[in-house]
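First chain written, first letter: the chains are A, B, C, D, E and F, and each begins at residue 1.
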Amino acid sequence: MTDRTDDNKLNTIDLVNKNLAKRFRAEKRFQAYGIASICFGLFCLVFLFTDIISKGTRGFFYHYMPMEINLDADTLGITDTSDTDQILAANYTAVVKKAVYEEFQASGRKQKKDARKLIAIDATGYKIQGLMKTNAESLINTTITIDVLVDDKVDFYLKRIGNYGEPGKEYFNEQQLAWIEQLMDKESGGLEKKLNVAFFTSGDSAQSEEAGILSAFMGSLYLLLVTFCLSFPIGIAAAVYLEEYAPKNKWTDLIEININNLAAVPSIIFGLLGLAIFLSFFGFPRSTPLVGGLVLTLMTLPTIIISSRAAIKAVPPSIREAAYGIGASKMQVTIHHVIPLAMPGMLTGTIIGLAQALGESAPLLMIGMAAFIPDVPGGITDPATVLPMQIFQWFRNADAGFSEKASAAIMILIMFLIMMNALAVWARKRLERRW
Amino acid sequence: MDKLNIDQHISQQYNAVLDDLKTEFLEMGGVVEQQIIDAVQAITKLDDELAQKVLTVEKEVDEREMALDDLCVQIIARRQPTASDLRLVMSISKATRDLERMGDEAKKIAKMAILINETGDLPAGFSELRNLGRRVQQLVNDTLTAFARYDVNTALQVAREDKAIDKEYDTAMRELITYMMEDPRNISRSMNITWALRALERIGDHASNIAEHIIYLVKGLDVRHSSASEMQEKVQQDS
Amino acid sequence: MSFSTLFVIILVGIAVAYVLGRSRSLTIAGRLGGIKSLHSLPFYYGTQAALWCAIPCLILLALWAAFDDSIIRQIILQHLSPEQQNLSAQELSLLLNTVESIASGVSSIQASPEVMAIADRVISLRQLSQTILAVTIICALVLLAAWGWVKVKPEYRARNGVERVFMLFLLTCSTLAIFTTVGIVFSVLFESIRFFGMIPITEFLFGTHWSPQLAIRSDQVGSSGAFGAIPLFTGTMLISLIAMIIAVPTGLMTAIYLSEYANNKVRAIVKPLLEILAGIPTVVYGFFAALTVAPMIKNALHGLELPLISFAIGPLEVSGESALAAGLVMGVMIIPFVSSLSDDVINAVPQSLRDGSYGLGSTQSETVKKVILPAALPGIVGAILLAVSRAIGETMIVVMAVGTAARLTMNPLESVTTVTVQMTTLLIGDHEFDSAKTLAAFALGLVLFVITLGLNFFALRIVKKYREQYD
Amino acid sequence: MNDDVLDVADVRAMNEVVQQPVVAKNKITDISEITETVGIPFADNAKMSMRNVDVFYGEKQAIFDVNLDIGVNEVIAMIGPSGCGKSTFLRCLNRMNDTIDICKVTGELNLEGQNIYDPKLDVVPLRARVGMVFQKPNPFPKSIYDNVAYGPRIHGLATRRADMDEIVETSLRRAGLWEEVKDRLHQPGTGLSGGQQQRLCIARTIAVSPEVILMDEPCSALDPIATARIEELIDELSENFTIAIVTHSMQQAARVSHRTAYFHLGKLVEVNETEKVFTNPDHDLTESYITGRFG
Amino acid sequence: MNDDVLDVADVRAMNEVVQQPVVAKNKITDISEITETVGIPFADNAKMSMRNVDVFYGEKQAIFDVNLDIGVNEVIAMIGPSGCGKSTFLRCLNRMNDTIDICKVTGELNLEGQNIYDPKLDVVPLRARVGMVFQKPNPFPKSIYDNVAYGPRIHGLATRRADMDEIVETSLRRAGLWEEVKDRLHQPGTGLSGGQQQRLCIARTIAVSPEVILMDEPCSALDPIATARIEELIDELSENFTIAIVTHSMQQAARVSHRTAYFHLGKLVEVNETEKVFTNPDHDLTESYITGRFG
Amino acid sequence: MDKLNIDQHISQQYNAVLDDLKTEFLEMGGVVEQQIIDAVQAITKLDDELAQKVLTVEKEVDEREMALDDLCVQIIARRQPTASDLRLVMSISKATRDLERMGDEAKKIAKMAILINETGDLPAGFSELRNLGRRVQQLVNDTLTAFARYDVNTALQVAREDKAIDKEYDTAMRELITYMMEDPRNISRSMNITWALRALERIGDHASNIAEHIIYLVKGLDVRHSSASEMQEKVQQDS
């Protein structure tokens, strides 16, 4: 026996050494696969971000052109500056058009038409209307210089001049191109690229140069508010019940299986639920953050419940035993110990769930939040849209200007999400305790 | 499932060590018993050679005693015995002492044998010595058997027998004194016989001590310093 | 008084009841020699009193809010003049709407005197209702607070009562999940049944032609379109397959590398970076797929002559809305999903197994391949199944990057359509709610639900079984 | 040579035959034969007395007909092989078993004559009277002060801050922890060493002045030095409290307890003075267990 | 009455004065005074020999200048208070410490004269020669057969199925597990009881025919009966293997080992025959530790 | 941090129990010492009352022996002593036996005193008895002090002194035999003196045994069955 062992020992080491080289090669290969995978993932991330940033930054800017406009009372059709109705109903586009013709020294129908296409006439009209509303008295019959928006096609083309193939050039004829050239060359008073304030301060619009994200942003905010107010308490309560109170029987098993399944049910199905239950059955108003919030609450609840349960599970049973052991009641154990200790995990879960809700769009599609909503919603029962829906809308719009707005909105959305994630991390850090 | 064998320690080694201890003890007992037989033979037959043998064996007994004691300490230090195991170790640790003392007494008898041999005479008391010797030897044998078998009854018998031996010793002693008084010249030599008798009596006492240890070992009862009948009573009460 | 004012009043009442209950218990305790002589802590007496007030009042308020309008409407309807009662349903609702808008002061339209009278009546009824409600609630508050106050006795088991209410609240919240599932089933089931009443279920499930657009013109004779869903499911499968081919190996290897090889610094940087991929809204991926990836693929592959393939089918034809683009992007989206789930299960493999393996002299990759992966395999399979169900249910990417042409093909370069795309296209926009076209969306939803339910059920079972191994 | 003499060969031969343990009292091979507890399970001045206690986990019976008294200010140790029901029995004594749904307890369990399984009885005050210390030190993640003050607070034992301070100090002193923590009462209890944490848990338990303290393997997560401290403490506490302690370490039972109860497969086999159990147990099974003949 | 007689009062008074332990050999209060290991740290037939070993965790030194030989087919036990560096030292012996980034080992550690920290030396074959058994039984979630076959497989020790079968059987036999599992070799190893799992881990280790087996508290997760089995096994294995075992249980060290090494704050204080250590240790610290004067 | 006090067990109780053990032992030693003094006085002064007292005290000594043995077993069962603690327990367990035997011998002396008193005569050998008595008593006192102080040197001295006492006993014995031979009528009574002398000698032997245990206790050396000089050597080698 011992002799055999001795033989074996010699054999063993020799055999081991013999195979070493092969084994180390396999090791190297395996590591290389891992690194390649990570690189691929990171590459995708970088590519996605550069793509979106390169497209999106343009959306924040716009080309303006300072222009002199003569607010001629006749052309405007104002007879009495104190009459608000008159001021509101005045023909502002006419003065703008006139100014445009002057600017480009356009004559003739054709030329005038070409010239009009270079400037966002309506938008400028609204702008002047805004000024007149407060200051009609002093402005009437004067000449003012304001920054007018160029037409979105012009803007699109201007942003891409120098790019390969100069996309957008095909929108314009010779004359217009010449004018654009001329504007660009002008020493002062020519074209100017500025931050597009309207993008942040106005709602959706049919005109891409006027479209902004404020209404969608507010819609998202209301939606999140509703979702948070409902899902956080309900989620925690459900998690506490399941972990602390529920007896282990068929009934709780059913609840548990249900929750786990709901977490992986496609979100679009929740849209169907919202459509059938909240809209058709209860008759809640369409397209409102309230309904959207309800649907997203149902959708995020499983996430929150699951993460809260995990957090509650992570509270060592010894803590509960300790409290029971000195005569704490179940509710006292739950409220004094379990919930505070599980709070970081619960909050993290909630914030992650809300971040999901913020980026979610498919179920909202089903409950009509894809509608065109130019007004900023004033409450949770006003029709509203949300950021992802706005992006989707703009994406589907054939107008080239919307596409870059969508990119810009994506950047806002992602920033929003990153902030929420940071909040989660911060909350976890803040509330975390050592045992 | 691990199967349960209630007779054996989970640790075979522990079992083996305890067995060793017992075996060593009984072996030592065997050596001492032989020593006693030899010593009695030496003094009754005035066999000098045998007496010398007893003296040399004594060394071995001493060594065995020390080895056994060491083993007991080892077992306590390494195994933390409890209950019957602990009683076994403690009994042996104490009984060893008795065995060693028995050996000593045997040695004394052998010495006396040599002394008597030197002086050459055969004083009186030899028959008593022989009788007592036989009884004591039997007693020791019984004691060891009782130990080997954990036999309480035999142990009790040993205790009773020891009392009888004590009586016999007294008688023998009285006879010897009479004899001495008759022939004062023999006093010195008779004294040797006296010491030998006394040694035999002490051997009986030690055997009785070992019997007490056996009772402690088996029953967990400390029956020392009680008479044979008291012992009997205590033991019967327990079971 | 409006509901919100009443609500605030109730809140104040609750607070008062709490304070009263608590202070009374303290007084009693003071008389009897310390809080110890009470059954419960003062807090519970206060809460008990508050609950006595809160529950009935809030229920009353809610009921009132719910039925207030319909009761008033009933009363009005009973007091309508005979000719008004004979109006058609549509006209009646029009009339009522007018009354409503006048009563709530939204419009200042001058209507007929009768209508104005009704409106006045509505207004007065409403005021009456509000007054009754306010009086009832205030009375109830006072009575209940007094009742709660009286109830405070040393031997009264306030804590037990409060705890029971607390538990009921928790129980209610937890059953919400069941109601959601039931809701989902009900919201798709009835419509689906109606749909299957129009289109045979076998045709739907096994038909290979899908063109619901034909049904737009309902006046067209015998036009119910073609509702064979097979192409949709093959399309879904194709795209999911592509996504999984990208995501599974990448995600798995990433998880392995990060948890086994990478040092702490690398992990601390790479892991959150990859998790960003999971946090990006799907609409962004859709945008990316449609505007960047699809054209890129088209530019790169269109007309390319691959040695073997083109021999058979000629130069590659790449559609602008190829399944490949959507699948690729979906795969990238799912990478972190696979990697973090796998990371979890790999990390759940106890360190002791690694030690055991290293202790025998195995290399790192041997440990991973022979010990860690087999140990984590059930969990990884579960993770992958969850990822698959996510891919199948994914909507926005495909809606944005995939066409609507239902084509029965396995060629990733062609354009296909998926279940979710069809659901959105069928439901978006206002169609008749009863047309087969709209109902088809619900039927698709039902099938999708059943499929993902099955997958999830399976996956969860596997994951759960695996978790129990080390617990 | 005399043939009667025991020689080496004899001894070996004899040993072969007598391959048996020292004792063979009431030899039991079939556990169902155990019907009655041997030794002295009852006490004259019983603080708690249990009669015919059966405990079931669902269908499975974990405790069979246990009868036991725990005397006032006595330390009783419960030992036995793994899974024999020590913890189960201990946790019956303050109804900690209520937290396990499938656990059902029958029989009479009295605390000073009052049946603790009376359906009308509230467990909260019961657990205040019969406190529990657990295997792993489990301080709340709060300050040392709040850990100790938690019990008195939920039971409303102190209204004024000064009272509470006093309770906290007294409890910590009794638990032998005051000197070590008095300067950092407001630092988290989780920052203490394992042994200190366990003493903190003991302080927390005695802060509600229980009458009985149950300890389920209180030292199994501690190193030897901390274990010795806790054992010392148990000895001191036994002047004022009745203590029941479950332990896997026979040595520990031997060291700390006055009486020792030996459980086997859910039955209470023997209860006796600790000295007696560890030197001369009455029952064969106890003997076999403590001498290491089975685990 | 004679005044010289020791009466009770005398005795008490004397005891007051002589409040001291029995021995006061080389009394050490300052650990830095320990410079050399007392006893017999060296062996003639050393399998492994360590000289001037220092181990650092980052800045912190965990092992100070340890010199020790482990003889062929010897069982050496390492004992000492918690955190004294037993595990650290043990894990140096097959470079399991390599998995800890901040761990640095200096000094000479030889396995049959070959320096195991030689940068050119590969840990893979080293660990095949010096196997390790861990605190918690950690069978792979594979069948019993595959668990044992794992080592031989990765090292390519058996090419034919029959060879592998033989290795598996021999290893399981040696680990005393064969009889219990031979009918269910293809059932998962995780389904075994704790003690069986630990024996399976031992079988797995000896399947690659190591020369040295390191065990870090191999019984601390086991119940007494399983512990006894493992101790038995260690004794049998010592016929063919050299074994180094770390244990928290002095009794265990006393039972299984030939020599015992006592560590204290990272220093090797004493190495001696186990009998000697437990009845009459040479060093005061060892004495104090094993008699329970500190933990 | 828990502070380290190397002189005390972590467990104060353990400390207390060991202290108790030692105290009890020394107390028993005190009782036995007094017994010896009384017995010697009784026989030399023929004080019947004192002799009776010795006889009654004997019961107490027996009980003390059993109590001490019980305590030793308790400590081993409950505390698992090792190293010096174990040696302390084992030494005491063995030394107790010696103390008890000393008590027995004192009882024997007292009995002789009573016997002699009964017969009324004052035979020879009283001065030897008194001398030896004084030396033995001193020896016992030294032994106990050595034990209390863990004093190896005194213990060695005790061993040496015992050898001297043995010599003195031999001389006294020879003288007594001469005396007996001179007047055989006194043999019976002289024999009583002989037994008393012999008892004193045995007490010395037991004291020497205890001294050996002290050396074992302190040094961990088993010096039994070696001569005084051998002991000295072994002890010196060790330190």
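Methods note: a contact is a pair of C-beta atoms (placed from the backbone, for glycine too) under 8 Å apart; a residue touches a chain by one contact, two chains touch by 3 or more.
As the structure is a computational prediction, the values presented were derived from the model and not from experiment.
Minimum number of contact steps separating chain B from chain C: 2. Between the contact lists of chain C and chain F, the overlap consists of D, E. Contact with both chain C and chain D is made by A, E. Distances from each chain's CA mean to the overall CA mean are smallest for chain D. At the chain D-chain E interface, residue numbers used by both copies make up over half of all numbers present, so the two copies contact each other through mostly the same positions.
Between chain E and chain F the centroid-to-centroid distance comes to 46 Å (mean Cα coordinates, whole Å). Centre to centre, using the average C-alpha position, chain A and chain E are separated by 61 Å. Touching of two or more other chains is recorded for residues 124, 154-155, 224-226, 228, 251, 254, 278-279, 292, 294-295 of chain D.
Residues of chain C found to touch two or more other chains are 159, 361, 363, 366. Residues of chain F in contact with at least two other chains: 2, 9-11, 14, 73, 77, 80-83, 86-87. In summary, the structure contains touching chain pairs A-C, A-D, A-E, B-D, B-E, B-F, C-D, C-E, D-E, D-F, E-F. Those residues of chain D that touch chain F in the shared complex are 193, 195, 224-226, 228-229, 231-232, 235, 251, 254-255, 274-275, 278-279. Of all residues in chain E, only 1-2, 4-8, 10-12, 14-15, 18-23, 27, 29, 250-251, 254, 278-281, 284-285, 287-288, 290-295 touch chain F in the complex they form.
Taken in their complex, chain D has these residues touching chain C: 122, 124, 154-157, 159. Against chain E, in their complex, chain D makes its touches with residues 81-82, 223-228, 248, 292, 294-295. If you check the complex, the residues on chain B that touch chain D are 2, 4-11, 14, 19, 22-23, 26-27, 29-30, 33-34, 37, 80-88, 137-138, 141, 144-145, 148-150, 217-220.
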